[in-house]
Amino acid sequence: MSLATAAIIAAGRRMDRHGWVPATAGNLSVRLSPGLIAITRSGGHKGLLEPEDVIQVDLDGAPQRQGDRPSAETGLHCGIYRHFPEAGAVLHGHSVAVTVLSRLGGDAIRLSGYELLKAFPGLPTHDATITLPVFDNDQDIPRLQAAVGERWRQAEAVVPGYLIRGHGIYVWGADMPAALMRLEALEFMLACEMEQRRIA
Amino acid sequence: MSLATAAIIAAGRRMDRHGWVPATAGNLSVRLSPGLIAITRSGGHKGLLEPEDVIQVDLDGAPQRQGDRPSAETGLHCGIYRHFPEAGAVLHGHSVAVTVLSRLGGDAIRLSGYELLKAFPGLPTHDATITLPVFDNDQDIPRLQAAVGERWRQAEAVVPGYLIRGHGIYVWGADMPAALMRLEALEFMLACEMEQRRIA
Amino acid sequence: MSLATAAIIAAGRRMDRHGWVPATAGNLSVRLSPGLIAITRSGGHKGLLEPEDVIQVDLDGAPQRQGDRPSAETGLHCGIYRHFPEAGAVLHGHSVAVTVLSRLGGDAIRLSGYELLKAFPGLPTHDATITLPVFDNDQDIPRLQAAVGERWRQAEAVVPGYLIRGHGIYVWGADMPAALMRLEALEFMLACEMEQRRIA
Amino acid sequence: MSLATAAIIAAGRRMDRHGWVPATAGNLSVRLSPGLIAITRSGGHKGLLEPEDVIQVDLDGAPQRQGDRPSAETGLHCGIYRHFPEAGAVLHGHSVAVTVLSRLGGDAIRLSGYELLKAFPGLPTHDATITLPVFDNDQDIPRLQAAVGERWRQAEAVVPGYLIRGHGIYVWGADMPAALMRLEALEFMLACEMEQRRIA
């Protein structure tokens, strides 16, 4: 088992302990080389991954081995790797906080005043605000990726994450530890946002 | 230990980690052959199952070994296996979300706009709605099963799950992984429903 | 290690997984013989018990070995064992639900319409109601036990559990599995009660 | 591996199970001798510590080995060790309850009527109130420590804990078990406070 596969399996278990990969949902990937990605195959519970559940695709999402079926949302992982050469790992999960907050409407969620904002590039202080884009869900993955890419082009600074309404979150980083750290940070802050709305 | 028994024990542990089999409640079964079911015996904590806690019954719920006491709700498992020849596994759990939402009243819970709806047959897109029937609790299991069967007959399309008010959820699938996946999907969406009601 | 000690250690770990024995709070006991009780010693985290953390006391709470310091609330365990000869195990835990609901005021919490009510003696149907007494907290344990004993004498039927305001819950059963089952059932229903108050 | 390092690693794992060290946040330390502290290094996930993640600093926070990078908030740990000679361990974590409650505003959080208040010095009864100071977040650690020290000087009695707004909690005790116990007690009571605000 390669290091990349081991990292994906371990990350899947950690996400599962948080409840972020329910019902075979979610997917995880790592960039093996500039044009080669290791990604979880379609179906299968991401908290119970075995080495054979990790396959290889190119930057267009085409499987490198005949018969392999990559995750349905492979196009979103590849979109991140194509736009951001420094991206080394991408995580997609489903949490109750992400699902509920994104269903409240709007095309973005703003997070400010949290110490954990320091987990994001260009934000060395808690005094900043990050704006997480929220996209309407779409089963047409190329169309969804086109909408995501358009928002990236328009943004002054791209936050390494976005939400799909009623669906889940995409987060990336230079490697798997960085991606996991950003995912934990965002999920923590979104959980705080949800708790705040219950009280206020 | 047979594969079916191992699957039941593992599923019980997974449900227990979620808190879905409290206080010896809940029950799990697998179809061994068209007319033979492996099911958890009465009593005993479903998160701490041993091989001897899994017994065999026929489609009428009659134990195949003298002295075995099947779960009290065996009749509901058998009702599913009799109505749906393709059903290979049935899970019954108790969660706070199921208990609280079902006690709010009504004879159904509608779920729409969730990506996880794709876990259900005939629903390839998140744009659909599934309607989960809710039945009043009843200690007379044959009578309860009759009410459930009647609703199935009237329904245009049967969703592979239903709720019993103040009690729990029944979910089934072609095999244990499919049943577990649908249970996780429903519990996730019901948890979202409950969170939404706290905020709105 | 005796079976009783092993049962106490395992129950402590299970309660800890639920978060019911925070900060060295909580205590667990088992009746070894009509007049001899095995109980957790004072201090020490009940989720990390070792065999030496379980000591023996008589029905008046007097340690059987010189130098042993029983739990501060030993008198409440002994009160249960003295009043109820059939009691074989007593569990005391602290949960957020118990703490918050008891602080809302009142001298009882009523639970009705839950399937899990079947876990309690004389209640074969979900249609019943159990009334859990709630007592004001008191550092004078003999005085608190006197108040508890008085409520038992006045009650038509004694429910095998009670709450201490802002403090925790006491539950008992014929043996440790029975006590654990009743504790899980009560905590589950109290969690539902708390969720209901957030929504309604 | 020294006992102090083992204690730090185990405490980090326990805090991680609670979700209190998300995204490499949080830090843990133990006093090795009057002027020497073992503390977690900068970066790295505190739930996945290895022996090499624990370094040594003096009471001014200066690393004892060239090249070591102590946690960014080392100054706050050292502030506690300098002011309180009896302090033997300091824990810093991030929880949703701490983050949300501190963001509601105010310079203190009052806790009263909880049995778990007995975990704090000079408070042998549940009838007391403790006042947890809340400080505005500040990336200038010496300035933040100065504000904390000033509040300690003015206080009649110092509670061994304080909150940093939108950031986290600092707790200390004579040794790691004592610090962990106080952290669990405070987090439990703060979780109750948050639940209460949802209901009332």
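We call the chains A, B, C and D, going by the order they appear; numbering starts again at 1 in every chain.
Keep this in mind: a contact is a pair of C-beta atoms (placed from the backbone, for glycine too) under 8 Å apart; a residue touches a chain by one contact, two chains touch by 3 or more.
Since the model is a prediction, treat every value here as computed from it, not as a measurement.
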{"item": "Chain copies touching (chain B, chain C) - same or different residues, decided at half shared", "value": "different"}
{"item": "Angle of rotation relating chain A to chain B [CA atoms, steps of 5 degrees]", "value": "90"}
{"item": "Between chain D and chain C, distance of the C-alpha-averaged centres to the nearest whole Å", "value": "31"}
{"item": "For chain D, residues that touch 2 or more chains besides their own", "value": "198"}
{"item": "Chain pairs that touch, as defined at the top of this document", "value": "A-B, A-D, B-C, C-D"}
{"item": "Chain B-touching residues of chain C, taken from the complex the two chains share", "value": "113-116, 119, 124-126, 177, 181-182, 184-185, 187-188, 191-192, 195-196, 198-199"}
{"item": "Chain C - residues contacting chain D, complex", "value": "19, 22-25, 45, 94, 96-97, 99-100, 103-104, 137, 139, 164-168, 194, 197-198"}
